[in-house]
Structures are given as structure tokens and as C-alpha cells.
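By letter and in written order, the chains are A, B, C and D; residue numbering begins at 1 in each of them.
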Amino acid sequence: MNWNPTPYPWPDGYRAAACFTVDVDATAPWLWQHRDKIPSGIAALEHRQYGMRQGLARMVAMLDRLNIPGSFFVPGIVAKDNPDLLPGLIERGHEIGLHGFYHEIVSETSDAQFTDALETSIELFVAQTGARPAGFRSPAWEMTPHMLSELRRHGLWDSSLMGHDLPYQIDGVTELPVRWDNDDAIFFKFLGAGDRPPRSEAEICARWTHEARAQIRDGGLFMLTVHDWISGRAARVELLSDLFEPLCADETVWVTTCGEIARHHLSVGGLEVTSQTVTPINERTGHE
Amino acid sequence: MNWNPTPYPWPDGYRAAACFTVDVDATAPWLWQHRDKIPSGIAALEHRQYGMRQGLARMVAMLDRLNIPGSFFVPGIVAKDNPDLLPGLIERGHEIGLHGFYHEIVSETSDAQFTDALETSIELFVAQTGARPAGFRSPAWEMTPHMLSELRRHGLWDSSLMGHDLPYQIDGVTELPVRWDNDDAIFFKFLGAGDRPPRSEAEICARWTHEARAQIRDGGLFMLTVHDWISGRAARVELLSDLFEPLCADETVWVTTCGEIARHHLSVGGLEVTSQTVTPINERTGHE
Amino acid sequence: MNWNPTPYPWPDGYRAAACFTVDVDATAPWLWQHRDKIPSGIAALEHRQYGMRQGLARMVAMLDRLNIPGSFFVPGIVAKDNPDLLPGLIERGHEIGLHGFYHEIVSETSDAQFTDALETSIELFVAQTGARPAGFRSPAWEMTPHMLSELRRHGLWDSSLMGHDLPYQIDGVTELPVRWDNDDAIFFKFLGAGDRPPRSEAEICARWTHEARAQIRDGGLFMLTVHDWISGRAARVELLSDLFEPLCADETVWVTTCGEIARHHLSVGGLEVTSQTVTPINERTGHE
Amino acid sequence: MNWNPTPYPWPDGYRAAACFTVDVDATAPWLWQHRDKIPSGIAALEHRQYGMRQGLARMVAMLDRLNIPGSFFVPGIVAKDNPDLLPGLIERGHEIGLHGFYHEIVSETSDAQFTDALETSIELFVAQTGARPAGFRSPAWEMTPHMLSELRRHGLWDSSLMGHDLPYQIDGVTELPVRWDNDDAIFFKFLGAGDRPPRSEAEICARWTHEARAQIRDGGLFMLTVHDWISGRAARVELLSDLFEPLCADETVWVTTCGEIARHHLSVGGLEVTSQTVTPINERTGHE
């Protein structure tokens, strides 16, 4: 137990940091879900194309207006199907990162499949942009020791886990922690019967504002994650603008990309953990 | 990617549009759900008859008071069981549209059944009103290539998909996009154990007001969808009135029917998409 | 369609009515759920006994303070296990009504079982209070033609269905309509994993206040339903007091029991409906 | 029925009481859930380690700042894996209590397993702190007659049931009642798809404030329960501080540990109940 933690050493006089990140899923999770057979109904597919047709451009225009560099995690298939997406983001000063090829759900993917999707995506990013991506975010924010090992082999940072408020190292990989609470999908995603009705934008934005302020007072990292087809709607982009405008205006807050923070963290050190090898209780001897 | 979209050319100096639409489901979804066997319990059936007994008239009186022309999508069986419904709506200056015969759920309906339900409904509408309906809305907002093909064959516009904020063409059919977020059923519908408890009217109406304003600022189309037996309650009709009153007072907003917008869109052009033929991932060769 | 309904003729210059009703379920639904085998865990049973130990007395004290006569629907087993419950309620000027013997869920109960539970409960009420109860409310608000027929045979009014805002007749039985939206259980009931987390009292009470005001403006009946072990908590009783205090202070609102309204309705007439005999769609010939 | 209850005799002129309790679950429920086989995904495990890495220290610092003695219920395995946890809590003036060894879910645990987990935990607590714990809280707040019997045998008080607002005796064990409504997990816990999206901190804190005030006006006990990895986040600790600050400032409220209240209750007496032996309805003769 670290009863009295010391403040994290942010650079250049900053006392906290904030990232605006976008998981550009588009139709990739739908393709993965229906990887064996395409259903006849097209409603979900149309809905998910909203971001590429309208939502992402509106979101990017807002970031440009506030002069915020965003971090965009793009599945390989989305980059492939929209060849001007990655170049357009880079041209506007944003960061791009990896996010699987077909947004592969980890529990449904073998180690070999993960490695293949990772390498194919890297090749595609290089082909489309001329540069290797530096970071990764796992689809649905699951992670395995194999995945961490592969990220380490490729020298990639990660942004998928929730074990801290601050950057840390896990299995030698720099982790920029996310939080479900700061994700739009769990509050707004709705694709029909069975899904939970969306919450109010005003409520969630007030919640995120509250969270951001508390994180800043605490000297932490406020990491927001939104999606192209979910938060690209007009009312949501307005509220995201309202959320980040005061952060941008606060000179003590470093509003930057995941990559910039990962680079900074290498010079800082701090918490290092390993993904534990856990023995199931029922294989233990007594209460070991 | 269309990074810098141009504003939609609304007519007559308007800069945005709004539609008040009603899916007059009444007992039709219950009849479809229990199409093989009628349960002994009558609670849900009584509940669903609320609209025909009281709710719809209250809603229509409100629209008439605000001088809003509504678009009412009526399943054939509801028109048949309430023969003064369609004539009464038309007499009051509202638009009527198709909505299946028994509110057939798309995934449970064959192509032939859809065609039959569509044609039977058109005949019924003609018999009751003397005119062919011009538009269609799919039950539960699902759509297939076959359905789009049939709508095109009959020269009908559609209002069931979510791929844009503005009217667009899909497979040659004019689409007036809907949104789950602007539907009352996902927030208010409650028929007993298992359903999610209704959200507060004040919260949802504030949410819709927020959404309407953002859409208007963005030059878009605010499409609201409510149901006879859900939103015909006194408190909800009051809030719907509060929602639309400022839209009606705003001279830059075109508060009109789906049909009027569909007719306008034909002279405008704009986005044209096709319902994609997608190959399942597992039938692809490599990461094509 | 009744496009222009006339106002309901409330007595004595009142223009609307309100009822405070309590479904005194206590442990009855738990006994019914576990009618074959009692589980070893006692948490839910303890939780459900809260009303008899503390909650109901607090609620009754509040009603007495506001001088509101409440309508209490009590399963036979709850009256039997708490023999001073019915006499104590009557002594304080409240109305008591039937609510099954073991809170039998309708879909799990045969017609004969319903009749037996009804008659046994009537006998018990007579034995404990010296008078026959006049009204009935169905457990979980389900109803069948057989149940309506039995109520008519016993001359009982009913308060279980949702087909209107105002009293009506169904199969010759006077119906005092309820609404899920004005029930506490769907918002507050929580017995552990799987249940939906309770909503905020302030939100729900604001919602009910809003609903009550709209119903009153519309000349309708505001029927609230709460439960002994759910709404007997201190904060909830305070909010229920806040909800009803303005209704009691409004001289145009008739705050009374279900029984009083049922008696009045007999002299009024109004909507009469029958529980429909519906043919399943798949047994119909064409789109009849 | 106790229609006119007398006020509870709080000591020293207090008219109500409040407890801040923490169920320090950390990874224990995950270990129990996966007791046969550890999954490859590490996201939930990382998430649950947040409390031990950061959240609990932040929460304890807040309690120390407000000078509130908290009651911390710690599963044996969490104490074992974090050997400075119990000593650190005691050193800071807080109370520690038992909470199973592996957070064993009661319905999945035999009587013998419960007894074993209880005794092993007591031994561990003695070894780490030099003293026997005085109180117990059941994992997931379930309880059986066997468990109550074992607590009585060990002279432990309990804090797991919901049958009253005030301390009471059940099977001879002093019960300090909890409430789902005053638990953070049901509102905030989120570990991925399938869980319900977290509610807003501001809403829940307003709700708890409202509840605390009503309980105090009613002369009752306000028992709050939070979790290390859930409520240790910066924004939540701030709100918990806002919630308890006015309680601490109110001289009529006894803000203390469960143990202090349990000791006081022994001199007071009051409600005594027994865990009932219930006959299933279907084994009863008639409506007994």
C-alpha cells in the first residue's frame, strides 16, 4: 500500500493532462460480429456508417477549432475502406493509432490471429501514411499477456487498461489508462432492441466535466474516449466542445496526444507492474 | 471522407427542418408477437388500446393547436380496426404513411410476406382515403435490399434508416433519416417485468430540445418519432407541445411533413448510397 | 376515434381526482416465488419484512398527518400473518382491498386457483374486519376474462388495468386504471444482482408531481401505487408527503379512495369496453 | 404492527448516527468467480487492482482529513496479499471487520466452507494485527441461519441485512442494517459489456445526501457502503467528502464505526427477530 503517493511529474509546469481520443470503429465491429454470415437487415450497418459520412468530419472540425490534437485509433479495415482517412487526420495534426484489423474481440481471437491482425494493420498504416504507428488500443479494452508481449516486441505503447489514473508500465509496455466511465459507448450506443436507452448528453457531459476537474485537482490524466458514429452527432459534438474548451483554456493542463504522454513517461518511470500469473483458488492448497 | 460538407439547400430561406411523426402502432405489435396464440392475460392489450381511446386524440389536438402538420405511420390492421382514423387525420391536415400491415418484424418476415403486407396496406389506404400513400416507415426501423427495391417499385419514400442527418438516397429511394435517440419508445415504453423503467419526461424533453437546437444550428433535420399509446398521456403531450412551440416560432425552421421534405429533396440531389453487398470476413481471402 | 372527448363529471365541483394506494405485498411475492422450495438465504425475506416492522407505520402516519384516506391492497397471507394490520388500517380511516392470497402471479395460476384465492381472501377479510371488501387489485396488474367474470360475480370493482386515464367499465366491472409510470416498484425495487439499480427519489417524485399536475389540468385521475417495504423508507415517505401536500391543498382535486371513485362512477356511466376475443393472425384468412 | 414506534436511544445526546463503511473487495470476487479456471484476459483484474494501487489510499486520506473513523471489511485473501493493509488501517484509527476469505458467494458455498473461511480469516487477522475482529459483513449481503449461528458462536456482530433502519438482534446476533440504496457498487460498478452503465456521481451523491438527512430527521442510522476500486476515483472521493462533511459538522449526529454502535446496542435492547423457518406454500395444507 502506498499510503502517501507523490505527485506525477508532468512536464513544463503542467500539473495534469487530458487526452481526446477517438476509437474510429465504424462498421468494423459489425463485420466482426457477422464474420460468418451477413444478415439481411441493413439498419445497423447504415447507422454505423454515419461517422464516415458525417460524424467524424464534424468532430475533427471541432478539434481543429479548439486546436486540440486528438488520438484516433483506427481498425485496419476502416482505414482500408476509407483510404483518405489516415492521411486526412495526419494532415490536420492528429495522431493515429492501431485498433485491430477487424476490431477483433479478444476472447474470440487466437494469439496467432492477434499477431496477424497487428502486423497487417501496421503494414497498412505504413503504406497509407509512410510511417509506423507508435501506439495501440485494444478493441473493447481487453488485453492478454500475449498481446502485451507483442506490443513490447513492436515497441508500441498501449491505451486499454484501468489499473491506475496515471501512466504506468505493465510487462514493460507503457500504459496510458482508460476508464469505462469516460467512454461514450457505454452511455450512448444504441442499435435497437436489447441495448440500453442512451443517457442524456447534458448529464454525461456534466459528469465528464466533473471527472475532468477532479482529475486535474488530483494531478492526474483525464482520458476521454469517443466513437465516430456515436458522438459525431451535432448535439454531442457541441457538448464535447464545451467539455474541452475550459481544459484548453487552463494553462496548467497539458491537452495532448497519447503518444506525447507515452514519450514523456519513458523519462519519468513510476509504477511498474506485471500481468500476474494467478493460480485458480480450486487448485490452491488451503488458503494460500 | 467529406471533410468540409456544404450546407443542405432547404427551400424558402429556411436553414433547418423539423418533423413530428407518429408511429400509430396500437395493438399491432402485440398481434404480431402473439400471431400463433393469444395469451389469456389482457393487461398489455388494454394498455396498448389507450392511444385509440384517448391518447391519439389528445396528441392530434395539440398538433392542431400549434398548427403543426404531423406525419402518421399506420399499420394496415390499425387503420382497418379504426376506420375513421385515416380519414380523421387527413381531414385535420396531417399526412399518413405506411407502416406494415401487422407491424411485421423484418427478421421474422419473408420477402413475399413483406410485399403482400405492403400491397394490402396500400389497397386499404386507397379504399379508406381515396388516395395512394406516398411514404413508408419500417416497423422497428429495419430494412432490407428487397424492401428498398419494393419501395422504389411503388415510388415510395422511406423514413427508417440512420445513415445521415439529412435526406439522402439509398438504392434510389429517398430516405428521411430517423434516430433512436429521438424516439419515445426506447425511453418510455413499459409493458411489465423485463422492460426498462421509463425515464423522466422532463429529462427526455430537455434532451430532445437540446438535440433539436443543435440540429438546427447545424442546418439539419430534427425528426421526432412518438407513439399513440406511449406519448398520448397528458404530461407527455404537454412536453411535446413545449418542445415544438419554439420550433414553430422560429421562422428559420421548416416544420413540415416527411412527404414535403421528400418532395423537396428530389429537386436537390445530394448523397446517394447503395445498400452494400458485404462478404463475410471468414469468406474473404486474407485481409481484403 | 373520439376526437373531441367531453370532460369527466367529477362530483361536488371537483375537476380531477387523486388516489394514494398501497400494495402491501410484504413477503407474499417471495413466498409465491419459492412455493416449491425455500432457499437457505434470508436476505430478501428480511428485506421484505421492513414494511411490517417499520415502513408501513411511517407511511400511515404520513397519510394521517395529511388527512388522506389511502387504499391498501393486502394479500390474504399478509393479513393472516399480521392480524392487526387490516383492523388498524380501518381504524385509521383507510380503505382495504383484495390483492390475491399469496400474490399469485396470473400466468402461473389456474382459473380455479384464482377463484379459490379470491374466496379465501374474502372470508379472511370478513373474519378480521366484519365486512366484505369492495375492491380488488391484481398481483402484478395482469387480468384475464375469467378474473373479470369472478369480480363481476362478487360485485367487486377493479384497479389493475391501463386502458384509459379515467374510470371505465370492462366486462361490466368498474375499472379504476393504474399506470406503471405511477408505481414505485419499477423505479425503486431492488433485491440484489440482476435487479435494476433504484432511481433517485427526487427524480421520480418530480416526475410524479409533473404527472399529477398534467392529469389534473386534463381533468383526469392521478392514481399512485406504492409498496410497504419499498416506499416506507424515511426519504421516500418525505417525498410522498411533498407530492400529495399540494394535491390536498387544491380544492379542485378530489383526494379520495378507489372505493369512493368506484361508487361515484356507477352513477356516471362513460366508456364501456369488453375484453376482446382475438383471433391469432396465423389463424386468420388473409388480412381480415 | 408497531403503529407508533418510540425513538431509538442514541447515546450522549445524539439523535441519529452515520457510518462510513468500505468493503475492500479488490480482486477477491474475481478470484472466486474464476476459482476453477483463470481467463486469459486481464482487463478486469487490472481494473480491480486500482484500489490497492491508488483508490484506497485516497479514500483513507479523505477520512483522515474529516476525522471520520471508517469500518473496513476485508476478505482474507486481500489482507494476505497486502500485508500492510490491516495494520495501516488500524494505525490510522479505523476499524477492520471480516468479509469472507475469497469473498465467497453464499449460494455457492457450503456451511463447512463458510465456517472454514471465517476461522481462517480470523486467524489471519489475529496474526496480522494481534487482535480478534469484532464484526462481520457477508459478501454480497446474503446470510443463512448457519452463518448467523456461527457469528453468534464467535461473538461477532453482523452488518449484512436490511430488515430495519436501526440496529436489531437476529438469532441473537447484533445486526447493523445495510441498504442496497446506500451502496456504491449497484450504481457505479462497471466491468464491461453486460454491466449497467454507471450513474452520475452528482446524482447519487445528492440521493445519499437526501437519504442521510431524512434518516437523521427520523432518528435513524445512515449506513454508507463503498468499495476500494470503485469509489476510490478522484471525483467520487470528493463527493463522498461533500456527503460526510455536513454530517460531521452536525453535533446531533454520531459519526462512528459499526463496532461502536454494536457495543452501544447491547445496552439498549430493542427489536429481536429470528430467521424464520418457512414452509413452502405447496407443502402447506390449504391456506394455512
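The rule is simple: contacts are C-beta pairs under 8 Å (C-beta built on N, C-alpha and C of every residue); 3 or more make two chains touch, one makes a residue touch a chain.
Keep in mind the model is a prediction, meaning the values are calculated, not measured.
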* Shortest contact path, subunit B to subunit D, counted in steps -> 2
* To do: Please state whether the interface between subunit B and subunit C is built from the same residues or different ones, using more than half shared residue numbers as the mark of same.
  => different
* With centres defined as the mean of C-alpha atoms, identify the chain lying farthest from subunit B. => D
* Structure fact -> Cα centroid separation, subunit A vs subunit C, in Å, comes to 49
* Structure fact -> The distance between the C-alpha centres of subunit C and subunit D, rounded to whole Å, is 35
* Touching two or more other chains - residue numbers and ranges from subunit C -> 196, 203
* To do: Quick one: which bits of subunit D touch subunit A in the complex? Just the residue numbers, please.
  => 31-32, 34-43, 45-47, 49-50, 52-54, 56-58, 60-61, 76-77, 80, 82, 84-85, 88, 101-102, 117, 120, 124, 190-193, 196-198, 200-203, 233-235, 238
* **Complex contact set, residues of subunit C against subunit B** => 1-5, 106-107, 140-146, 160-165, 170, 179-181, 186-187, 196, 199, 203-204, 206-207, 210-211, 213-215, 217-218, 220, 271, 273, 275-276, 278-282, 286-287
